[in-house]
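Next come two complexes built around chain A: one with chain B, the other with chain C.
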Partner chain A sequence: MTALALRRDDPGTVPVPGSRRRSIGLAVALGTLLLLLVLSVMVGSTAIAPSVVWDALFHPAADIDQFAIRDYRLPRTVVGLVVGVALGVAGALNQAVTRNPLADPGILGVHAGASFAVTVAVGLFGIRDIGGYLWFAFAGALIVTLMVLALGSTRQGQSPVVMVLAGVCVGAVLRGAGSALELTNPAAFDAMRSWNAGSIVGRPVDLLWPVLPFFAVALVLAVAVSGPLDAMALGDELAAAQGVRPAVTRILAIVALTLLAGGGTAIAGPIAFVGLMVPHVARWIVGPHQRWIFAYSLLLAPILLLASDILGRVVMHPSEIPVGVVTAFVGAPVLIALVRRSKASGL
Partner chain B sequence: MTTTRLLTAALLGAALVLSACGGDGDDAGETTVATRTVTADNGTVEVPADPQRVVTIGNTTLPLIDMGGAPVGVTDVTASELSLIPEQQKATFQAATSLGSSGDQVDMEKLAALKPDLILAQLPDSEFEQIAKQLDSIAPTLFWGLDVEWKTFAGALAEAGNVTDGLSGQQAAFTAKIATIQQTYATLIKDTSFVNVDRWASSDPGTFSIADFGCVEIAQGDIGMTFPEAAAGADPLGWTSLPFEQIAGLSKYDVITYPVDAAGRPTEPFAPVVATNTWKALPAVQSGRALGVFCPGNNSYGPVLRYLDSLDAALATLPAKE
Partner chain C sequence: MSGARVDFGRRVLVLRRRRIAVRLDRRSAVVCALLTLAAAGTAALALTTGSYHLGTGQVLAALTGGETGLVHDIVVEWRLPRVAAALIFGAALGVSGAVFQSMLRNPLADPGIIGFSQGSYTGALLVILIIDGGYWQLVGGALAGGMATALAVYVLAYRRGVQGFRLIVVGIGVSAVLESLNVWLILQAELEQAMAAAAWGAGSLNGVAWDQVATGGACITVLLLVAGAASRPMRQLELGDDAAAAQGVPVSSTRLGLIVVGVALTATVTAASGPIAFISLLAPQIARRLARTAGITLVPAALTGALLCLVADYIAQHVAPTPLPVGVVTVILGGGYLGRLLFTEARRRL
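For the complex of A and B:
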């Protein structure tokens, strides 16, 4: 079998490409991402000449159009890239930990925790700007995920099924409490209406600095647990027989996904389908190899996010559609097509 | 038997006397109160000519108080709305009984206990439909939808609440102020393209709007200043959120008006716009032709007059800077 030929990893799963073909695919994804990064700076709801874009980046001056590039398009491009990476890898970790191909970071209560914390920040503490409630969102996501981890742990160890159920239950309770607060507080209602749509508009790059160290730690953890997660896909007992410690692996993976999803959600609000669809597509392309899934998710998620954001800037000119709305519109039909195809990608 | 009849007659007599005493005030009031008919969005309604216990729901509260009315029951207004009205009006508002946070949250028992002789309501049609029967069963009710023109609304409200004296004075001041502005800035009004921008607490981060509703309607419709407006049949421009990168598009207008508070500072929601480099680079901003204008409200004459004072003061700065 040549490196380019498809090979079958185990009976019943889809044929997956060899490592060379995966590498080529990865290079194509990287090229696409670079192209979208350029497009994201070039395309917007205002027509700005490419020469102005070039000058804005490499010959900065106090020009009104250059400000539009440097102050708005460049930050939202960087924010889209970082948030996309975070949500994509978090989604891949989540699907691996829960052994659920349709899990997204929200299923462990990350979105609900962040959302409730933002509601509290706005409604009870009167915080109005994103920078102010960033830490609330981050802390809310972390606390709720740790709570779900505790609830999902039994004497026999952590159970993915119990964790998912705990996440769904805690999420439902927090959504109810958040709604109650929003309905009695107009300021919270206004803030959450906007935040819940999921957007990368109006987020300065400065917003990223506090969460980047957490993202870096989480990505290192993700790489570290990718091998053990492959072993755990066969079952905890078989993984343990190979020297893997499932409980530790699961905790590290959950810490990583919480940092990534919590940080991403804190910055952009809950963005649907990125953390759900991208790892699913990645698994479809590369098969059940977590390291490859992580690598593909790391590139495909910002591709989806940036492409959706660019689309959202131009389809309703002069207004824009929040990226979270576009990813839902794009993601839902694609995901339906994926799950309906004859050979779904299992875990 | 005779004793029983006598006792029965005595009881009936006492009951009649007591019922006459107890009903004296109400019955006498009902029979002697003069009425008149007022037409509102819910039809022509017979109301007391001089109502003494008025309840206001939704957007009727502050306009009625502005014209000199003193409702006995009100629905809440926002803290920011309350902060914009004069102290005396604030005291009148606070003296009234709060009946709920909004038109669809009215405490009907509390409302009935106030024994109002007139209920005035302005709120979305769908919300009024839910409470209309209950309100009608308590007191004559006049309702206006949200799309009623503000001067028509003020006139009808004044007539219904019997505060037409207050209204007349305000109308005269309004007419005089409009004429003064038109006369003083005739050339400027004729030759200048204005744009009014705004941003609200509910606006998405990183967005603003070219606002064509609110106080700017008075500058446009009554004074004759030229502002961008939506095409016929289209949604108001202000409903469209524009990303900050489109601030640069304001360069094509001669003068920009934007919202400020009573002290002349940009309103809290609008402050992020003023802080952008794009805003600071606008020709109008750099040449002092970006005018902060205070708009405390646009549905009764009192706040509109304060808006016109602010606009007048802002326009007065233009010739010296040009």
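For the complex of A and C:
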């Protein structure tokens, strides 16, 4: 599309083709997200009418349904929204940086690092509450991602393939060490089996406050690197010729994605496929334009996460399936359908 | 070729016996001999070590029938089947990985890639947690789960033939579904049952006895012979589908056959011990580096796999502070080795 625009005499006045369609799509996505936010508060082991939801928010009273909303459904919905946004943008950044169509933040060692750190927190330090794990998980995700980054870098910069492989190696070692700890420590095993499922239940909203500043910084970084990342899609040399510094861009993008994916995982546990699938779908809708991909991922990921969460409450009513399990069940068929299309979407 | 010397580019050994002549790559032969020696040494060490320490003399006497009673039982009934299982299963995994890596032309491929390990774990979990079945039901569940998954992946990846990349991606997708299903199943179970299931899922040689070694060994022997017979079309497939077809190899059916052999080898091991990770991935790569061959070779891969599995089981039993499933050790060692490889290769490219 860039090449097309360059051939025109005055690219500035010509509207970018499809820009209107993209804006309409974005508005539809926003509407869907708002609808899901409301549904997420209404649907559950007991269905609650919209009027009660309205009252709970604006005319609080000592009513059992209102308690359910304020203490359980609302925090869960807000956590789902925030984690979804974080994972979606992290996924989009990750695919842009590694240029690997299968890149999930999980491969950079985010899940492995967070999971191992939580195992250590429970198994060796005896920490039991989710607020206590949070910092372990966040730190674990950040440290391991840095390790993967160091291991995956050569002096010329980072090669996507080497980076992915480094993630696999570090992940394997940590998984082994983690399972050695779990299999000899029933308490750690018990905590990890629920943490590893990935869930947004039982996370108080207070848990979000310390992580939000990191997310804000990361989102600003994501917007800042979106232009340079577009240039880098043509290769580092061409990007450098356009005045982009590939190494700096890549490092900033990786910092942002680590903060987002690490923070999201620290709150909810490892949630598969959101970070992988959403950017694909976004790219499918808007084409190779990073800023649009970010915008769509920002909305589509919480849509997917909240829809999966609602589905998880309905399918085995009245018991629930953790959202991480549902996203895998929803995500994998999409992945398979993508790769079965005649032209698999390469990056 | 009477009298003419062919330059193979490598030093070769030629064994001639009247009408049959065998050409062996010299470095591969030496490496294989050394691997066999190392495996024998580790086996001897494993037979003497344990909570009841035995001397080499006692072990030898027990093996040749010179000991009776406790020493005989410890060596022949307890430790020997475990050592034999480690060697046989390791070899099977090594060959299984070699077949997949050659077929997909991807050094990171193994039957786990088409979802076999996750599928067999799902099958085993269903047996353990829902029908609370015995050993043979567990074996049946694991095999059925693994095979059904492999078949599903193959069918889902089939679209006018099976292409390597598509197979890998579909495998990742299906594995992810099963993995989260497994997580959920584990979450539903009682803690004790869940831990037992997780230990099986990590891959363990605990409680392997002679009848499993015998059954597994027989299946594996047959499958190894089939793999050996398929090694020539395998080499031709490495040249690419078109080149292989031009040389008269039926590409689709050969690939399906190779998948079946590779999966069956891993299936046999999984049935007896649970999914032991990373051996099938690493053995062919380590063997290739040791023997410095251009492609994947089966015999060095088998021997490397056997040695790896035995060493890992020794570490899991005797070196770790508490006895662990062997799969935990292979994951750590495998990840570490892969990391080191990556590190040195990345540095070399500077």
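Here is the rule we use: the second predicted complex is superposed on the first by the 329 of 347 C-alpha atoms of A that agree within 3 Å, B and C clash if a C-alpha of one lies under 4 Å from a C-alpha of the other, contacts with A are read in each partner's own complex, and residues count from 1 in each chain.
Going forward, contacts are C-beta pairs under 8 Å (C-beta built on N, C-alpha and C of every residue); 3 or more make two chains touch, one makes a residue touch a chain.
Since we're looking at a predicted model, the values are computed, not measured.
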item	value
Fit or clash - chain C, chain B, common chain A	fit
Partner chain in contact with A:288 - chain B first, chain C second, else both or neither	neither
Computed vertex angle (chain A) for partners chain B and chain C, CA, steps of 10°	60
Contacts of A:113 with chain B and chain C, given as first, second, both or neither	neither
Which superposed partner A:203 touches (first chain B, second chain C, both, neither)	first
Chain A residues touched - chain C or chain B, whichever exceeds	C
Which superposed partner A:62 touches (first chain B, second chain C, both, neither)	first
Partner chain in contact with A:165 - chain B first, chain C second, else both or neither	second
Contacts of A:72 with chain B and chain C, given as first, second, both or neither	first
Contacts of A:176 with chain B and chain C, given as first, second, both or neither	second
First, second, both or neither for A:331, with chain B first and chain C second	second
First, second, both or neither for A:272, with chain B first and chain C second	second
Distance of closest approach, chain C and chain B, by C-alpha atoms in Å	6
Residues of chain A that lie at the interface with chain B and also at the interface with chain C	184, 186, 190, 193-194, 197, 322
Residue ranges of chain B touching chain A (in the complex, touch as defined)	78, 101, 201-207, 240-249, 251, 268, 272, 276-278, 281-282
Residues of chain C touching chain A in the complex	108, 156-157, 159, 165-166, 169-170, 172-174, 176-177, 179-181, 183-184, 186-187, 191, 194-195, 198-199, 202, 277-278, 320, 322, 324-325, 328-332, 334-336, 338-339, 342-343, 346-347, 349-350
Partner chain C, residues of chain A touching it in the complex	102, 151-156, 159, 162, 165-166, 168-177, 179-180, 182-184, 186, 189-190, 193-194, 196-197, 272-273, 321-322, 324-325, 327-329, 331-333, 335-336, 339-340, 344
Chain A to chain B touching residues, read off their complex	44-46, 62-65, 67-68, 71-73, 128-130, 184, 186-187, 190, 193-194, 197, 199, 201-203, 313, 318-320, 322
